[in-house]
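Below is one structure, written out as structure tokens, with a few remarks after it.
Just so it is clear, A, B, C, D and E label the chains in written order, and each chain counts residues from 1 on its own.
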Amino acid sequence: MLLECVNLTMKFGGLTAVDHVNLKVQAGDIIGLIGPNGSGKTTIFNIISGLYKPTTGQVLFEGSDIARRRPDFITKAGVARTFQNIRLFADMTVWENIQVGRHCRYRQVLWDDMFHTSRQAAEERYANQYIYELLVLFRMDHLKDEIAKNLPYGLQRKLEIIRALASEPKLVLLDEPAAGMNPHETKDLMDFILKIRDMGITILVVEHDMKLVMNLCNRIAVLNYGKKIAEGSPRDIQSNEEVIKAYLGKR
Amino acid sequence: AGCGSSASQGTKTAPIKFGVIGPYTGPNAKPGQSMKQGVLLAVEEINKAGGIKGRMLEPIFEDDASVPAQSVSATEKLITKDEVAFLIGTFNSSTTLADMKIIDREKVPMLVPIAVAIEITESGNKWVFRNCATNPMQATQLMTYIFNNTKQRKFAIIHENTDYGKGLATASAAFIKEKGGEVITETYSIGDTDFYAQLTKVKNYEPDAIIICGNLSEGSQITRQIKELGIKAQLYGYGGLSSYDYNNIAGGSNEGLIATSYFESNSPNPLAQNFVKAYKAKFGVDPDMFAAAIYEAVYIAKAAMEKMSDQKDIASFRSELRNALAATKDLPGVQGPTTFDSKGQAVKQVMIVQWHNGQKKILFPTN
Amino acid sequence: MLSINNLSVHYGKIWALKGIDMEISQGEIVCLIGANGAGKTTTLRTISGLVKPTDGTIRYKGMSIGNLEPPDIVRHGISHCPEGRQVFPRMTVMENLEMGAYTRKDRHKLTEDYQRVFDYFPILAERRWQLAGTLSGGEQQMLAIGRALMSRPQLLLLDEPSLGLAPFLMEKIFEIIQMINKEGVTILLIEQNAYQALTIAHRGYVMETGYISLSGSAKDLLHNEHVKKAYLGE
Amino acid sequence: MQELVQQIVNGLVLGSTYALIALGLTMIYGILGIVNWAHGELYMLGAFIGFYLVVSLKLPFIIGLMGAMGIMALFGLMMERLVFRPLRDAHEMNMIIGTLGISIFLMNAAIVIFSPNPLRFPTEFSNTYLSFLGISITLQRLLVFFITIGLIIVFNYIIQKTTIGKAMRACEQNQDAAKLMGININNISLITCAIGAALAAAAGTLVGPIFLVSPQMGLAVISKVFAVVILGGLGNVAGAIWAAFTLGLAESLAAGFLSSYYKDVIAFIILIIVLVFRPQGLFSSHSVEKV
Amino acid sequence: MYKTVKRTVAGSAVITVLALPYLGIKTYYLHIAILSLINALLALGLNVIAGYTGQLSLAQAAFFGIGSYTTALLMLQQKISFWLAAPLGIACATLIAILIGIPTLRLKGPYFVISTLGFGEIVRLILLNWESVTRGPNGLPGIPAPDPISLGFTVLAFDTKVAAYYLNLTVLLLVLVVYSNTINSRVGRALRAIRNDQIAAEVMGINLTFYKVLAFAGGAALSGLAGALYAGYIRFISPDTFTLGEAINILVMMVLGGMGTIIGPILGSVIITYLLETMRILADYRLIIYGLLMFIIILYLPSGFAGLLTATGEKIGKFFVASEKPAPVCRGSAKEISEPVESEV
């Protein structure tokens, strides 16, 4: 098991945003996490990535509990994420954004950076090669010197994903990657996500676009008011009465 | 060091330039202004009377805003850019101490008319000459007066947390302890306005007398707040508390306060009388002690230069001036006679005055 | 009701709108679709006065509003629900709604309008005293729409109102839009979900990098080959 | 015991002087998002105007107080147009430099205009001494305390409860959205500056008579007032008030029962310790930050 | 052709700096130049934490004082050589920065600013009141100059102005090499990422505490270094030098110079130091004009003198500014990138 959330609960004052949620992610999966607005999806992402400390519960990543660890530790352990509201380093270039995304994989120490030692040069060279390949793979190499905030919305989302991939994660968490994209662009995005899976990276995705979720995911978990109300294959979920009532609505 | 020795100072007719470093801006701008006026008056008088062997005096004023680093820059400029013959200044002890390194290196004599820290003349710098009483001198004189003339033996000292205030407080406290008196010490920072906390403590201590070591602005608020809190003790103060500026803002709270003073405009000294008259005519106000002290310093320099032979270059001018200053003996001045000891310190007697209805009565020296 | 003529907008050197023309009549739902960065948001921001046009005119009920400040435009009955929610994060849900009604003179009628917003979005009623900054993304989106309704506008500008909403709410949003339209409010709608948008709209415009490339009745656009391919994902 | 009570009374009065100055400062921050380093100078100018109205023109103190507030409100409008509005969209550090420049400018201009000499500011209340249970206080000090409390209540109500107050807060949180609500942010900004400057003038005119009036009086208190404002949570009016009284008391008690040498250190040590445990200030209600 | 012109300008600037003492200028101007060099270190130090990391610190004057006092006291009381005392002074400033940085760097914006202001005041008051060690307000006179260094064939002495100039210049140049190396590497990127968006930076695997403390301590180390050099040059120090006013001066030099660049703080310190010196003749009007100038410059040159340099396309500027860009000056909301503090992830 790559990731396992055990009995996760998160309370904000009187509000229980996540309520005893259990979730398992196997390596190689694309798992969808869906649910009505305010049902606690982003909160779960925030807990897994270390931004929130859960009230109770564990997050086991490759068997060890990472809940309540610092975000940078968790990233280093192999979990990367994107944000529902894009959070790029707005004043830095595309290239620099990805370099920062790769921050925890550089092996040089402070000393090397201060004196530009040969190890620093070697590390940078290796990293630059890696970043370049990522950009080419996702067809953004022509934009490498653009300032992030000047990119159109769709490309900003894409850059966020590439930035997350730069840290060579085992698991990426994507929070509404298709928000603000038209159906055509969403199709591109789906190809893009499949490419990521083919790189051997496991994916946990929150998304309200059912076309994307149903086509991509091999398993889907549904939240409502912080509780997990269903889990299963896309087909099961689509026909689950409770899910239809709480989330999908009738078509 | 590297300054080109232009001969301008050496020629017989060129004016003699000297630098006056003082706080013309910043928290001590007011005494800085008095310093400027004292110098201007002295220079005007000397030049009108034919200068020094025909050479006019030309003061160059540089502001240090009471900040040591700025004072150092000012000194550097005066010495190496303006090539002054000597310096007069500064107001604060810290700025003076900072400048002393440079005058030692560049070999330029400096007259110190106001700064009172004991180190200035104790550090072995042979280029400084001070024509005012040091902190311990002043404290000793006031405390001796108290112990000789009153039965007060239990004191509270409240002092400004600067070299000036602290120096006075330390010397006063040491004297009291040596004489077997009791004392507590409280402090405040420049710019403070509320002293109730310290004074409440003082009130509970029930001292016979309170000694205020600080400047007029905070001093006036301290005496006012002493009255507001209903503390009944004899008040003493140093320096600034004998000025009329202090009286103006004390709002009557200074009634009965006894303070030391370097200079009184009703002093019987005839030089002082003339000075007061001339100063009032030129600037429309009575001179304060800072104006008097720096005025005297210019005249000390004048007397020394008059004893010198003609000099060809600035370096020998400076060093001979130093020697001439060191030889100053019993030179009459507005603050009384000046004699420099081997450290360049003049022994100066302070006056002790008491406020009564906005006027000062000279308690000491009695005559 | 609103007529835009040869409108141009620059952001510094970027020429975002390159002379567009648009016409919206009283009581219509008009839908604006286009790819990312086409200039849709810019069009709305220019109408509501946040961005100043470099050329062209905007006439609203016959008067030129191109150079008015946003508050004055709001006072004329135009309400803009902006892209990216833009709620007041350190104010409660109630206070946010109250701000929506800032220009209203008939303050005694507000309770009714609060109730209407809570009927549309029951979750907001539950979150009434929560600071808006701590709401979930979708909740903030609902709040932004609700807030825009509070001023009882005559012309409502909606910028991707369905963004980040759960599927059943997405349907509901389109129902709500139709409902308020029936009450007489004219609506200019930007949507990524072009299919749904065109289904409820009367007319539509398609934008491409600063130009209007196509316009027509919603039905025509729905069946247009180019639209189908580029925006409906077929 | 009696000393303790006296020190507490001292601390409350001292606290109210901090509170009065902090009130305007925290309001301008809370609404315009500008940390106004020139606020001490508004306080100083207010005191000078109060001085001229009361001492030179011999107006009754209360009239002088209101006059000074009125005149400084106009000055606040001018500041808004010339200083705050141009800085409104600037980078945080540029705002600091900008307002610092104005602060240096105003203080030194005041030195040239009014001379650096401090002035005494006697009023009809400053010579009435009250004394009970061995505690002494002047009527003027008591007045400061009560007027401060009054002003606090009024302004807190305005900001928290009235629509205009909410509009002020909305402007700070999101200018574009505020415009879209129909809020004229220029007017709000003008009103805020006028009120902020009037509050500073109130502080100057009330506090001037207890202490002295001088061009440097703003500089002397501004860092303490910043400590107060931060301790209370920036932009939080009620918090600032509590913090002002807390600090006033702490200083008084520290000087009275520990040592006056470290009286000023106490204020800042409290500030740092509190912030370490409550990074949003003592009285701010922010809990978990929503990410 | 254009390029050669620019090269020539840059080249002659470098030569001027290197040969300054021999250009026949008065020692007074050399003095100003030395102060500018020391100020440049201070402004560069602040730039690390404020310019790159986005956390404005008003404690720089305090670290300046700590470095200065430690060095001076070790030299005066323990009779340690300057060459050993200075590193110890730097170490002391750095260590204290680490201790104070760990708890306070969690604070944001003005909260951090004011707590560093408070820390600065605490340090000043300790220097003022801890008399048994610091001699309180009396300051420390009589600090010796750095000891001469024997190189075998010649002896380098440091008690003249010219020597002091070259000492300070050498130190600054060495610092610049390490400084630009560090800034133009992973560390510099991490700092700028933190300035852009702390939460995102943390999620990218950047240890916030480590990097913020690193920047804070690095800035303090530079201030401590400036302090040691200052003590060895002026040779008298007192608490009045290490005040809030000084902290603000450092800030002004950094911002007006152009924060978030390397050339900016240096330009700023040279220009401001010189300006303040020459404006002394204006007496009472000096600070009036200075205050007004500060406001006007910041309004019309929001990215400082460095911005002006880059804007006019000066090669000299580009040469030093290298690959990095001046800090952003507008808060204008970038499309879809919302205010980092309150928004939803």
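Basically, a residue touches a chain if its C-beta (ideal position, glycine included) is under 8 Å from a C-beta of that chain, and two chains touch if they have at least 3 such contacts.
Being a predicted model, the structure only gives us computed values, none of them experimental.
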Any chain in contact with subunit C as well as subunit E: A, D
C-D or B-D, whichever has more C-beta pairs in contact: B-D
Centroid comparison with subunit D (C-alpha atoms), farthest chain: A
Most remote chain, CA-based centroid, reference being subunit E: C
Cα-centroid distance, subunit B relative to subunit D, in whole angstrom: 37
Separation of subunit B from subunit C, taking each centre as the mean of its C-alpha atoms, in whole Å: 75
Distance between the centres, which are taken as Cα means, of subunit E and subunit D, whole angstrom: 32
Centre distance in Å when subunit A and subunit E are each reduced to the mean of their C-alpha atoms: 40
Residues within subunit B bordering two or more other chains: 25, 29, 161
Touching two or more other chains - residue numbers and ranges from subunit C: 84, 89-90, 133-137
Multi-partner residues of subunit D (at least 2 other chains): 108, 111, 174, 176, 261, 264, 288, 290-291
In the complex, subunit B residues that touch subunit D: 25, 27, 29-30, 161, 186-189, 191-194, 196-198, 200-201, 203-204, 217, 220-221, 228-230, 245, 248-251
Contact set on subunit A toward subunit C in their complex: 12, 15, 34-39, 42-43, 84-85, 152-155, 176, 179-187, 208, 210, 247-249
Complex contact set, residues of subunit D against subunit E: 29, 35, 83, 86-87, 89-94, 96-98, 100-109, 111-112, 174, 176, 223, 226-227, 229-230, 234, 261-262, 264-265, 267-269, 271-272, 275-276, 279-281, 289-291
Sites on subunit E touched by subunit A in the complex: 178, 181-182, 185-187, 189-190, 192-193, 196-197, 199-208, 214, 325, 327-328, 334-338, 340, 343-345
Subunit D contact footprint on subunit C (complex, rising order): 48-50, 69-71, 74-75, 79-80, 82, 86-91, 95, 98-100, 102-103, 133-135, 147, 151
